[in-house]
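We call the chains A, B, C and D, going by the order they appear; numbering starts again at 1 in every chain.
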Amino acid sequence: MKNIFTLMILVAFGIMIYPLVNSFKGNDKLPELGNYYAQPENVTKVNSANLVTAVVVTYRGLDTLGEVSILFLTAAIIAFFLKKQTGKHEVRENSEIFTTAAKVLFPLMIILGVYIFMNGHLTPGGGFQGGAVIASAVILMLLAFPEVPVNQKLLSYMESISGIVFVGLAALGALIGFGYLDNAILPLGTFGKFLSAGAVPIIYSFVGLKVGAELSNILVEFKSVQSNE
Amino acid sequence: MEYIALGTGMLVILAGLWAIMTRKNLIRIIIGFSLFDTGIHLVLVAISYVKGGTAPILDSTVCIQDAAQRIVDPVPQALVLTAIVIGLGVTALMLAFAMKMHKEKGTLDIRSFKDLKW
Amino acid sequence: MISPIHIITIGLGVAFALGFVNKKAKNFSATIMLVAIGLMGAISVAWLTALLQGAETVQIFTAGFKPPYSINLMMGIHEAFLTTLINVAGLLGGLYLLQSLKNAGNHAIMVFLVFIMGLNVIIMTRDAFNLFVFMEVVSIATAGLIILTETGKSIQAGFKYMLATGIIAGILLLGIIFAYYFSGTLNIDSLAEANITTLKGGSVAVLMILVSIILELKPFPANGWALDVYEASNPGISAMLSAASATALYFVLFKVLAIANENWYHILTVAGMLTFIGSNLLGIKQNKARRLLGYSSVGQMGLLMAILGLKPILGDKLEFIAATILVSHYLAKAGLFWLAGIVENDNIKNWSALRRKPILLVLFGTFLFVLIGFPPFPSFYGKWELIMQLSSNQHYYVLALILLGSFLEGIYLFRWLGYAIKMDFETLPELNINWNKIIPPVLFGVLVYVAGYFTSALVPELSALNYIPLLFIAGIYFIDSLPAYIKNTVAIIGMSIYGYQILPPLYENDMLRFIFAAIFIGGGILTLTAGYAYKGKRSGFYPVALLMYAGLAYIIQATNTLEFFFGWELMTAGSYFLIIRGKKSMPHGLSYMLFSIAGAYAILAGFGLSFAGTGTYNLSSLAGISSNITIIFSLLAIGFMTKTASLGLHIWLPGAHAEAESDVSPMVSAILLKAGVFGLLLLIINMGHNTETAQIGYILGWLGALTALVGNLAAAFQEDAKRLLAYSSIAQLGYILFALAMMSHLGLLTAMYYSINHFLYKAILFLTIGAVVMRVGTHMMYKMGGLIKNMPLAFIAVLIGIIALSGVPPLSGFGGKWLLYNAILAKGWYLQGAMVLFSGIIAFLYLFKLIYSVFLGQMKDNLRHVKDISIWFAIPVYILIIGIMIISAKPEWVLQPLGDMISQWYPNAALAWNGGLATGPYGYWNGNGIMITVGIMFVSLATWLWMMSRKAVQVKQFNIVYSAEAPQRPETTHISYNIYAGYNKALGWIVAPKITAFWDTMTEWIHSLAQYVRQLYSGNGQLYAIYVLAYIVVVYFTMIF
Amino acid sequence: MDFELKRLGFTLLGLLIVLNWGLLMGAAMRKIGARVGKRYGIPWFQPWINLVKNYAIRTSLSHGIMFYLGPVFRLSGGIGLFLFMPMIIGSQLWLNYSFQGDLVLIMYFQFFGMLGMALGAGEGGHPYSAIGISRGLSQFTTIELPLTLAIISIAIQYDTLSIIEIVQAQQGGFMNWTVFTNPVATIAAMLSLLGVLSHSPFNLVIAPNENPIGPPTEYHGSFLGVLQTNRAILHVVEAALFMNLFFGGATNWFEFFAKTFLIYFWSVFVGVVFPRFRIEQSVSWFLKVPLVIGVLAVILYM
């Protein structure tokens, strides 16, 4: 009975969103905003080959700051929420293949992650993606070597430093550039080269570090409360 | 192509909502929530598509001068990145809550968490 | 000037930097957090000051690009004001939460800081998606803060919160995406220009955006999750959510509303009103303090939402109205939640624990009065302006609903206040108060008065208001720890000075107001004199008593409706506290307050309609009303009649007057009730001159007559002396209503004369009986008896009082009867008149019962050694007796000027004076002559009988003719209990408590309704999610149909 | 001043006449009542004997100051009514002090004595006094209602509340009397009169059962004498009031005696025919028939 009621609501919701689908015609050309960002004179103002990165780090850099805050919050909340968990967790012995592979893969994954976020302004990827890859490396290690303690202090320092650098660079934009998060506080460099897009690669690198550290932290916290009871 | 993405996205949203509203297990509800989020991300991507466009990354294939004609909209792509991270954060928190709730009552049935009412 | 964007820099930077701080150095972290919030606050305050001094609104661009290409923030007057509010709340809230945050560790401190930062950004940002991101920041931070106290309940609440806000955020995101698709922009201002609501899909996108923001504001019934959060989280957090978050989200709605079309105003109004009424209704059934505050909070946000929806009609007044109500809610709700954290006990009945620290009780009362919208708080002005605008625009339904909702809110808030003031607190544990928990509520308590003062400065109609009395009251409050006699002296001196200042000019210019002012101030001084009889401190008595008198004085001096209403509400507040001071007064205080609020709302609505008709607040403009006369007159009359306790609206009075302290009863009976009379009189002299009001007058006449009959009959059947006098007051006010309703020269003269008389004799009787009660320790007359021997002073006072009341010549009451006869005959209201006169005769029953049962008959053994009444009661009583003697002997001294005064509005047709001889249209009367004749006769006869029986032997108490037996016990010999059994058998049906039963049934229904409706909130978080979705769907279908 | 003294003299003379006439009338009525009951009855001069005896009793007990003031109030009430009542129309000298107040004064001055008496008796401390008073007050409230209505009716009829003017309006033949011009009001008032004079069936207040009951229970000697004096005066004055209002007043003493006797006789006549009512019965009765008639009297003139 209650499900019928729920179904009715869902159907009604479907009817409600139908006009959205119905009036969707796709895009024949870039919308105004995207078009603006794609104009050559504007592209060179940011000088980032990856336009998505340009949007994420500069035009909509404030969103990214918020995004970083959300991850930061999540990590912080989970940290104080899941703390003080005692109780032994019995772990199964991992297979030799797994542990060896993990040892081999871990540095490679870290390097891949770093590569992804450092080249975020040139190639697909960026801070979040790179950070996620780093975190995957961490989870791999956590699964492979559950007994090995993780240096959470290091993670948290990394997190803090990256965060402060991000905010600092953003503020610097407002102080010496044309606005908060202005990437032109550093030389814009040559388009398409590694050293281009001003502060973007630096910001994105620190975002990557921060995301990596935070996600790892969350995972470590989750793991730490695993217990048998 | 974009129609399929949009339609799928909407259907995934509805599926997610159905799970949220009818499943009794906290974990399933959270999965429903994730589905709901994912559906929205799909819709975002669908909207960013420009017919015949390519990724908004300027390199040797897409040069800076004709970028405006050849790329898809970078804006929703930036938005979806943000949205994904937010979704991740919320999901992680919900899972943490679910863990604690399970610890408290030894069940994951949402109907047994009615200590607060009226 | 520091750019506002650095609020983010500071907030986030410090939050990130806290990661470096050693986990053990919690004090350091907490201090850093407070400093950071302080800096953020400093930025907003600096901007607020600059903007107030005329600086331009600034746009803050990011990334060096102009909007809509990049995200921009704005710092205008709204933003500066609201971020200031949020940062102040954040600073004090952080201070308040210091221990909890420190216990939870550095991470919690970071979360709190980011939470405050996020709220700032929500307010400043002009980008839709950025708004979404920071709303999510706040939402996640909130989820974290909810579980600051890691109880099972708070975790459940947190999960429900996340589930509901997760869905809401998803819908919001969908809306934003599609809004982007249809408009090509994410900037709110450009979105507004794009006007996508014209598209079918576009309107759905807008709906999704707006409805999710509405849902964030917790509309009824899709707000179960929010209530759980308010209930289960740390009160310090609830305070933040209710004050800071709600404020920010409200501004979001304000901001985003720009993208909507006209239809949305209706939706907002409906959703808001539904929430306001729904939550306040459910609040009535609630006994848990924090959840109750949650209901109230949600209700207030509903009201604010509705106000936003009324934007098209409120026009440029919207900001004033919304700001005042928002600020009031912000200060009061934060303060109340903070108090909830101090009390720690969640049962509202146990809030009497506040009495362990009286300052807390004062704060509590202040905050509740702020919520209800009493002066001098900002919400008062906001509500006033709102009602005025609504009625000018003929939005009567909304007006009525707002008043209804406010009334429902009043029910539970004042019940709660009653518990706090009256319930036993000895058994409750001591409060555990830290300095950091007490500072925030105290500061907000002070701020709310300051805010009230500054708000009133914005209202031109109040520019003439004299704040000195209010300051004087505040001064009295600060010397509350001194002994009562000092405060009494200060109060009397203060009132005398005030009277000396206002009375002479009134005497010159306005006799009508002079008479009432003389009753209020003169009566006030006399009744205060009795206060010397009290030992100790009498904590809290003087501020509230003076508050009532100040309100009365304001009413007298008011020249416009706002000033009048201001005074009216102050008077109500003061008298409420006076009444509830009595030992068993809790229920009576509540019913007094509820009738008063309802009456005040009727007055408010009436003034609103009159403003709509005349466009001015001027009191004299009432005379110029040409439309809606019937309804305006009725509303105002009903409002005033709640104070005069006319039949149907009287049930609060007997208990309130009877249970009040001995010197308070005369204040609230002899003096306070005259405020209603003054109101009615104003109404009649201004609006009485037309056929429509004459018809209402006819009804009022019958009502007055019935009130007199029922009041007197009920008085005759009372056993409690003060209750008897209270019913007598109801009846006397019935006469006055009857006389006023005649709307003729003689009628008004009668009413005025009765008012003066009633003041004199009811003050005498209540003071004397009150003093007797203080001596004998009971109200029950059958437990007294024979006290004439011990209390001759009291006996003489009561004797004179009852003769004056009964209308027996030669004392002043007879003048009233004579005027009444003439007025009735001149008006032609014979049958009603006969009923009034009949009631007057019934008065003899209770007057005899009163004086006989207390002073005559058989003395009780336990009262053989009581002393006469306190000299401090005797002094005012005998001064009043002199007054009675003067107007009995020289009625022309009073009646002639009164007649001249009334002639301004109702020309004198037939009453002529020749010395002491009055000649009316029907008869004649010489008060002076009668006094002399009766006096001479009485004295000669008394002397003659004295001569004959001077050798009479004084016999013992039981020496009576008693069937050859000697009665042994005074209890069995003193016939007093149910003395009018025969009369009761014949006429008791008239006073069967049908009206009380009616109101009881109404109460019962409201409670049952609330009980039924609140089962919506089953506690199942999933159901709440369903409600959220259903709400969206319902809004959508309402929109398209 | 000369006139004032003369008025005082005539007034006192009138008082004396009224007192003796009241005593005589009281005796006559007792006699009539006894004869109807097949008893012999008292001698006609018995009231004077009673008075003299009571005033002469030397022993005297007092319960207190109010006990002593009660009879004073009572007699002041009776004499006061006499003072404010015009006795003989046509002579300035027999109008007493009625220039100081009108019918309203008379109506309310009736309570002066009642109230004082009630208080005096109350101090006596006898439970039967209190019972009697409570009954008396209860009954009196309802008695007054038809009377009030009748007075309103005639006030409308004559457009005045002045007794003198009402009487003057009735001059010039008995057909001008209110009893003929306004019979309904007269009936209502005459029914009230039965209660005012406290004869059976409305005499529960002082009903002599096996024990004495009523306000005078504790009074004796000179106190009782005062009360008896008052009773004589009061009955005549009440009858005079009805005479003035409904039966054309009196232009000379003979007419006064005749009319007051007949009015008084009316209550005795009813009293010997009907048995005594209980208090709630009498209250209900007055609020039925006489009330309806009274309302009718007002409505007819509205």
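Here, a contact is a pair of C-beta atoms (placed from the backbone, for glycine too) under 8 Å apart; a residue touches a chain by one contact, two chains touch by 3 or more.
Predicted model only: the values in this text are computed from it and were never measured.
Comparing chain pairs A-B and B-C, the larger number of C-beta contacts belongs to A-B. With centres defined by CA atoms alone, the chain at the far end from chain A is D.
Chain geometry summary: the mean Cα position of chain B and that of chain D are 100 Å apart.
With centres defined as mean CA coordinates, chain D is found 107 Å away from chain A. Centroid to centroid, with C-alpha atoms defining each point, chain A and chain B lie 15 Å apart. Here the CA centre of chain B is 50 Å from the CA centre of chain C. Touching of two or more other chains is recorded for residues 13, 17, 21, 47, 75, 79, 82, 86, 89-90, 93, 100 of chain B. The set of chain A residues touching two or more other chains comprises 6, 9-10, 13, 17, 20, 24, 31, 33, 37, 59-60, 63, 66-67, 70, 73-74, 77, 81. Here, these are the chain pairs in contact: A-B, A-C, B-C, C-D.
Residues of chain D that touch chain C in their complex: 55, 58-66, 68-69, 71-73, 75-76, 79-80, 83-84, 97, 99-105, 108-109, 111-112, 114-115, 118-119, 122-127, 130-131, 133-135, 137-138, 140-141, 144-145, 148-149, 152-153, 155-156, 159-162, 211-212, 217-218, 221-223, 226, 278-280, 283-284, 287, 294-295, 298-299, 301-302. By the touch criterion stated above, chain C contacts chain B in their complex at residues 129, 133, 136, 140, 143-144, 147, 150, 152-153, 155-159, 162-163, 166-167, 169-170, 173-174, 177-178, 180-181, 186, 224, 227-228, 231-232, 282, 285-286, 291, 1014-1015, 1017-1022, 1025-1026, 1029.
For chain A in complex with chain B, the residues that touch the partner chain are 3, 6-7, 9-10, 13-14, 17, 20-21, 24, 26-31, 33-35, 37-40, 43-44, 49-52, 54-56, 59-60, 63-64, 66-67, 70-71, 73-74, 77-78, 81-82, 122-124, 126, 128, 191-192, 211, 218, 222, 225. Against chain D, in their complex, chain C makes its touches with residues 786, 788-789, 795, 799, 802-803, 806-809, 814, 817-818, 821-822, 824-825, 828, 830-831, 833-834, 837-838, 841-842, 844-845, 847-849, 851-852, 856-858, 922-926, 929-930, 933-934, 937-938, 941-942, 945-946, 948-949, 951-955, 957-963, 967, 973-976, 979-980, 982-983, 985-987.
In the complex of the two chains, the chain A residues touching chain C come out as 5-6, 9-10, 12-13, 16-17, 19-20, 22-24, 31-33, 36-37, 42, 45, 58-63, 65-67, 69-70, 72-74, 76-77, 79-81, 83, 156-157, 159-160, 163-164, 167-168, 170-171, 173-174, 177-184.
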